[in-house]
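Quick heads-up: structures coming right below.
The following pair of complexes shares a single chain, chain A, combined with chain B in the former and chain C in the latter.
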Partner chain A sequence: MSEIDIEWPWQYSFPPFFTLQPHPETRSKQVAAWKSLILDYCKKNKVCIVDIREADQLPLFNNSAINRKLESGVIVSILGELQKTGNAAAVDKSKNRWEIYWHTLEEWGSIIHDYVTSNGLTNSVMTLFELNQGESQEEFHGLHTDVLIKALKTLEEQRKCELILSDEDQGVKFF
Partner chain B sequence: MNRFVYTNANLLENESILLTETNVRLYDGDQKTSFEGGELALTTHRLLWGRPGQIASGQTCLSLNLSLICYYEQESPTGFGFSRSRKILVFLYDLENGNENPNGPQYSSIYNFIKLSFREGFHTDIVQVLNDTLQRKLWLTPVQSPSQSGAKALPQIKLRTGIVGIERSLQEKQKATDESINVAFQDLSKLMTMAKDMVRLTRLISTKIKEKQGDITDDETVQFKSYLLSLGIDDPVTRESYKSDNQYYKGLARQISDFMCKHIEEVGGMMALTDVFCRLNRARGLELLSPEDILNACKLMDSLDLPLKLYQFSSGVMVLQLRTLSDETVANSTLELLEEKESISAEELSQLLGISTTLAKERLLSTERYGKCCRDDSIEGLRFYPNLFLTQE
Partner chain C sequence: MRRRAGLGAIQKQKLQQEKYKDKGNEIQENQFEQMTKQLDVFKTNLEEFASKHKNEIRKNPEFRRQFQEMCSSIGVDPLSSGKGFWSVLGIGDFYYELAVQIVEVCMATNEKNGGLISLDELRTRLIKARGKSNKHQEISSDDLMRAAKKLKIFGSGFTVVPVGKGKYMVQSIPGELSMDHTAVLQQVNSLNKSYISVSELRDKLNWERDRSQKALDHMMDQGLVWVDLQDVKEKQYYFPSLFNACVDSAK
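Then we have the complex of A and B:
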């Protein structure tokens, strides 16, 4: 995974940022700051999957410069907040693996649809590999396949595409 | 018998007579000698034999150094024993110069023991004492300065042999412990009776110093005066002088307020109730207050319009604080400190303000409740920072 140096917000080097604040108003500000930081970080680094058990290894949750880590319990509760706005979802029941959607799945769907229509690719079949690993420099380039499938499913519900999910070739036909 | 020398009966320095026996005859080995019917004196250093009266008057008599005695035994009474005569066999070491003694009654002897024959038995337990003396070997201790020899003049006779000896020494130890305990408690009861006088004395001094206030310039005197004044409440409020508990608590509340107000101002307007308890009781000296009484009195403060009031933090810690002091002003002043220091822990704040750590923590927590600071809970401990979440965007 290539690390792109992102511009950390001031909170990132503020030690109390890594302790969940008990004061309600303070906490809401803190959590909001965390939410935007997480989405920003994931977007810049194209991180789609976060494993709580390995969160220590992400500089996002571990600022070694000030020697502070965000506790996994706190991470889960913040990701839970993100889930409410459709920006994250737990993959497993124990809430250890999370998918992060810096665009919600619906947004992804319309972004892909816009791309397809503007490039005249309607009524053609594309492989998912073409979409997220192809030569295009669209935003969804490098998007995790699982996330891509979920985004396309939202399109499928709108009858804008049809997913072809066989074992070997995963493709999609746009209408 | 050749180990005896003629000497005068004056005691050496450090020497003392342990016991005397009368009507003693000396034997050279098994042979009777002409030294009979005399007095025998056992000292810490020697065995003296003289005609009656000779030893007491310090005349010349026979002397045997105890250092020459090897061991001794009592001769068991023979079959003809109607007589009360008892004998002690004393075995002796050889003399250094070939067993020849020019200064004694006998130049040389074929025997290496003598007998002491007590015609009329013992009047004292000479056997025990002799044994003890031989073991202590006092003649070996160097001659000491005259001032100490006076104390040595009365040597204690300790019986240390056998089970009886051990038992006795145990008993003595117990007795000594008992005595020291008794003495200790005697002191305590004396202290109790003295305490009242001491308090009165302290008051006397303090009033005297008050009278002479104008003359005092010396720093030490001023300090002493302040100690005294801070120590004493002149007329403590006591339960006995009030008819009802309620009145008592009211009176007490007023007094606590008067006394503590100054102290609480000094420490920044807030003092934990435990500290109040300690300070009050130290000041009262006698007529101590129970924690419950103080608590009850403090609870009444709010209704009495006193400058102090009782305040309970949400954690349960109770403090006396100035009425003028509100949570918000405390929070603001704490915030000022925080902004100055950037971040602070309860310990640092307590040192900074000279308050207890508990109080410092309460201050920080209440500042946090006002949203003026935020916490950083790490392995290094709990620290507080200015609340940049709300102030900085």
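Then we have the complex of A and C:
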């Protein structure tokens, strides 16, 4: 994935930002700054999946200019904080793979639903490919299919759509 | 008879002494009166001068500084005089307003610098916050120091710390910095850096490891310093308040 220039916050060039701070007050400022940086970075670069074992390859967690990396244990604890607000979720038990939701799944659901209703697509069937890989320039364009399905499931619970997930076809019908 | 004459002589002498004393008192009183008159004249002149040059005093920071010095030489503090003539001048109000703005800037930046800010950054932010409405009023570092010192009356919450090379930092958190903490700040400042390590303090100040560690740990407990464990040599202690990217960031 090509890197989009993001405006890094001042903390990103501040070496101790990559060391978990022992002082509670400072640490909570640090964690808050990391949380918003992660969501901002993932949103701009459309990064939906973060694998902790390969986190070094993301400039987000590895600032080569100052030679500082965020330790994987620290990344997991910060992602855990994001999970509390519905902005991330571990997909495997060992907490190596994480999905990042810069919009919560419910928010994604309503963004998609708004798009569908305002474009007169209710009562029609769409493929998931059309939604996230189609020609639309909507925010959910480029959203990882796994995340898309989870977002649609929140709509399904509200009986606003029905997912059709067979091996060959992945589609959704909106009501 | 000798006795009588003797007594007379003593009495005469006594009388003379009293006369001298009276004269002395008279002269002293005269002088005092003169002095008081002179001081009154000076005060009146100073007041006249102040009201005549009111606008210059408000506009020109150098003028303001010299005026302050003149006032303090005769024991007048236009800053604390809220009544009478000096209040009409509004000099106290000027510093009062500055003091309030200093508090505002300190509170707004506390989130990132932990309550320690260089006078330079404080000045830049304050001028920016004052906006266009006050563009005719230049604010000097001297003005800020005077205003910040007035904030001391709130207890140990506000302190101006000299860090050498004519630089100052304003601390806006309770809990005073000790000599050792100030010395650390001075070192960091004199090296033109934003960080320091225990061994650097040993080299520069001849401090034992314990002493350095204690000072740095205390400043970390105050939220003034962040620790970096990824330096190749040793732990480094960073001051966000002296870190350029932090100083320059809008947030």
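Convention: the second predicted complex is superposed on the first by the 175 of 175 C-alpha atoms of A that agree within 3 Å, B and C clash if a C-alpha of one lies under 4 Å from a C-alpha of the other, contacts with A are read in each partner's own complex, and residues count from 1 in each chain.
FYI, contacts are C-beta pairs under 8 Å (C-beta built on N, C-alpha and C of every residue); 3 or more make two chains touch, one makes a residue touch a chain.
Predicted, not measured: the structure shown is a model, and the values here were computed from it.
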Using the overlay on chain A, decide if chain B and chain C clash or can fit next to each other.
clash
Considering only the touch criterion stated at the top, classify A:E25 as touching first (chain B), second (chain C), both, or neither.
both
Check whether A:R68 is in contact with chain B, with chain C, with both or with neither, and answer first, second, both or neither.
both
Could you say whether A:P16 touches chain B, chain C, both of them, or neither, answering first, second, both or neither?
both
Interface residues of chain A shared between complexes with chain B and chain C:
10-11, 14-16, 18-19, 21-23, 25-26, 29-30, 67-68
Write out the stretch or stretches of chain A touching chain C in their complex.
9-11, 13-19, 21-23, 25-26, 29-30, 67-69
If we count contacts the way the header does, which residues on chain A are in touch with chain B in the complex?
10-11, 14-16, 18-19, 21-23, 25-26, 29-30, 33, 67-68
Touch list for chain B against partner chain A, complex:
343, 368-369, 371, 374-378, 383, 385, 387-390, 392
Which residues, counting only chain C, touch chain A once they are in their complex?
111-112, 114, 195, 220-221, 223, 226-231, 236, 238, 240, 243, 245-246, 248-249, 251
